[in-house]
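In the two complexes below, chain A is the common chain; its partner is chain B in one and chain C in the other.
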Partner chain A sequence: MRNLKIIKNVKLKKSSKFLILLLTSILVGTANAAIFYSLTMQPQVTVSTPVIKFSEAPDHPGGTVNDAWCCLTAKSYPNATLTYEKAVYLNNTDSENSHSFRLRHVGITPANGYSVVGNWTSIKFLVYNSSSYVFSLNYTVSLTDWILEPSGGVTGYYSIPASTGWWIRLETLSPATATEGKVCNIQIAVDVE
Partner chain B sequence: MQKYNVYAQKMHQSTWLVVTLFVLLGFLFSNVDGNTYFALVTEPRTTVSSPPVVLQTGTAGNSTVYLNGTSAKISAVAPSTLTNYDYVLKVVNNVSDLWKIRLKAYSQSNIGRLNNCTIYFHNASDGFSGQVYVVNGNYTQQTGSWYDLPASPAERYIAVTLQASNSEVSYVNVYLEILIHDKTTYAQYVLTFEFT
Partner chain C sequence: MLLPELFALLSSDLFLLLSLLTCLLEERFPKAIPYIYQVAALMGFGHLLVSKMFLTVFDEDLRFWYNFFYLAVGLANVVAVNLYLAVSKKTWMLAKVWSASVTFPTVFISIFFVYNYGYLQGATFPLLTVDLILILSVAILGIAVAVLLSPKLLRRR
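And then the complex of A and B:
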């Protein structure tokens, strides 16, 4: 208490006061400065093929197939089911690890609400392994709308073993009244974990 | 008493500090544990096309071929004596591709009365190929073997041999499967056989 009184009684010049204030501010600023440090990241991006990739299958209906993208130019007949048993292969090229993937609807034209949708009855994508059916993503038509199954257009994830090839079976069906030349474009993502 | 309260307050603060640290560490680890994934894209394009192989009506029994020639109904009387209907339907190839065809029975009703029912293909060059057999009310063969359908102009005939024990009605529903040569791509046409 006595010390405080002594300090209080010390007479300082204006410039000294300013200097003390300045030094105190610098001290406070330094003390309050954020502590930080930086790590260094050196990303190296190499062009490589995906571990799960497409390849042409015996019943490929036409269109380009490359590792990460494939186009299937299929047909549908009025009142007849057309089946492309092995439309495209999905190969897990990882020789050591299994990987999970799913089918996810991205887009379709003609869109819901247009009468031209009535030119199809169903378009089905069924995934098979070497011995049996595994899962599917189906588009069926109700009047002028596409009904996706599973609803939401997203399947579950399924694990494909290391160094294994599965395939997609494509089934198309149009009603007897379908008009020749009508085209339906679908985009499906194959999400790989 | 006051001393204890101060300690309790300090304890409380340190507990919060520890909890906060754990929460922050939790965020840190979850970021480190993030998934790596990628998406391939497939773009199927489906065009409505005219069928390359079509059905045409036969010369025996009564056959109705529906729009586009991809489905048909065939009616024939099944008498008490063995009767042959040659031919009830014609399969016509309109394109230059080669095909293989077969019949596959997938459903039926009241076939118990059919003592004998044979549905078969034939033509002048390849001869007879039995596809679906019903003997004494039971299938003895539901799926036939593949039969060649050459490039256009080419026709193959579907014929039936029938015998029944009474005058009721039987139905045999059959797929005509049309396979692209050397592939496993095939179309299925629905044929309904009505035997009265």
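And then the complex of A and C:
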């Protein structure tokens, strides 16, 4: 109690009080600003539709086509090239800006080194615009290995104009000795800039 | 995009300002007031901390309302101090200065942020309030220009 009285009787000058309050104000203000800043830096993930999206084309071989991904279940005939002229559309849904995209090889089964790879001669994904061929990603077989073209399995970026639809032409070919029922799975990514 | 926590930050700074100003004018206020305002500012820190901890739990409406309530309390204190100086202490000149330098700017800035936040959230405001704000702005601008051109206006009785 006596100590409390001593503290109570301490007379602080106005300037000292102000200085103490100023220092605590700076402290509180800085802490508030730091917390607010950290709040503004919270990451946000907004669900939106892709700018370049897939849609089903007239010669769709089968499988699922969604906005952001598609799964094509194509066939391949021995000793004859099977062409799906318009397998799937790639549409730039941005009405104001053009966007660049490329095709990038992700994975393929059966993998290199297995004799079953010899059941295919080539599988080609050719991109066309309304008037002509633009670029392609090709898989050709050499004995038991897949040869990717362009090498590395990554095409260059190509600009698709605003509100424009391009399509992928799919060409498949198997050798005369191919075994019926063999399945090949290819995964390709469409990178959009 | 504005976060509703901006109101808590603004109000907390208002309390800090009130704390310092009431300390400077300590002869006219009870001695505990500056410290009470410091504690009130610390409550703003608590508001922000709670928002940060429960950001994923609280929805935006809830965050807006508790931050807006805190801002309303801060503004009410600014106005209350103004009234206290004018009515209770009868220090008219000080009350006028307080009104022009503290009450009006803080209320105006707060209204600006609240409207801006509402606009970004897609809220529609009654046309009448927008009209009133415009009329008030024009009136203040007119007074300011008049005083600027003829400072003697202030000295006339």
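By our rule, the second predicted complex is superposed on the first by the 151 of 193 C-alpha atoms of A that agree within 3 Å, B and C clash if a C-alpha of one lies under 4 Å from a C-alpha of the other, contacts with A are read in each partner's own complex, and residues count from 1 in each chain.
The rule is short, and it goes like this: contacts are C-beta pairs under 8 Å (C-beta built on N, C-alpha and C of every residue); 3 or more make two chains touch, one makes a residue touch a chain.
All figures in this text were calculated on a predicted structure; none of them were measured in a lab.
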Go through the superposed model and pick first if A:L143 touches only chain B, second if only chain C, both, or neither.
-> neither
Considering only the touch criterion stated at the top, classify A:Q187 as touching first (chain B), second (chain C), both, or neither.
-> first
Would you sort A:Y84 into first (chain B), second (chain C), both or neither based on which partner it touches?
-> first
Given the touch rule stated above, what does A:A111 touch, chain B (first), chain C (second), both, or neither?
-> neither
Regarding the shared-chain residue A:F18, is it in contact with chain B (first), chain C (second), both, or neither?
-> second
Using the touch definition from the top, say if A:T40 reaches chain B (first), chain C (second), both or neither.
-> second
Enumerate the residues of chain A that count as touching chain B in its complex and touching chain C in the other.
-> none
Residue numbers on chain A that touch chain B, as the complex places them | 50, 52-54, 58-59, 61, 63, 67-86, 88, 104, 106, 119-120, 123, 125, 168, 170, 172, 174, 176-193
Can you name the residues of chain B that touch chain A in the complex?
-> 35, 37-51, 66-68, 70-71, 183-190
Residue ranges of chain C touching chain A (in the complex, touch as defined) = 3, 5-6, 8-9, 12-13, 16, 19-20, 23-24, 26, 34-35, 38, 41-42, 44-45, 48-49, 51-52, 55
Give every residue of chain A touching chain C within the complex, in rising order.
-> 14, 17-18, 21-22, 24-25, 28-29, 31-33, 35-36, 38-40, 42
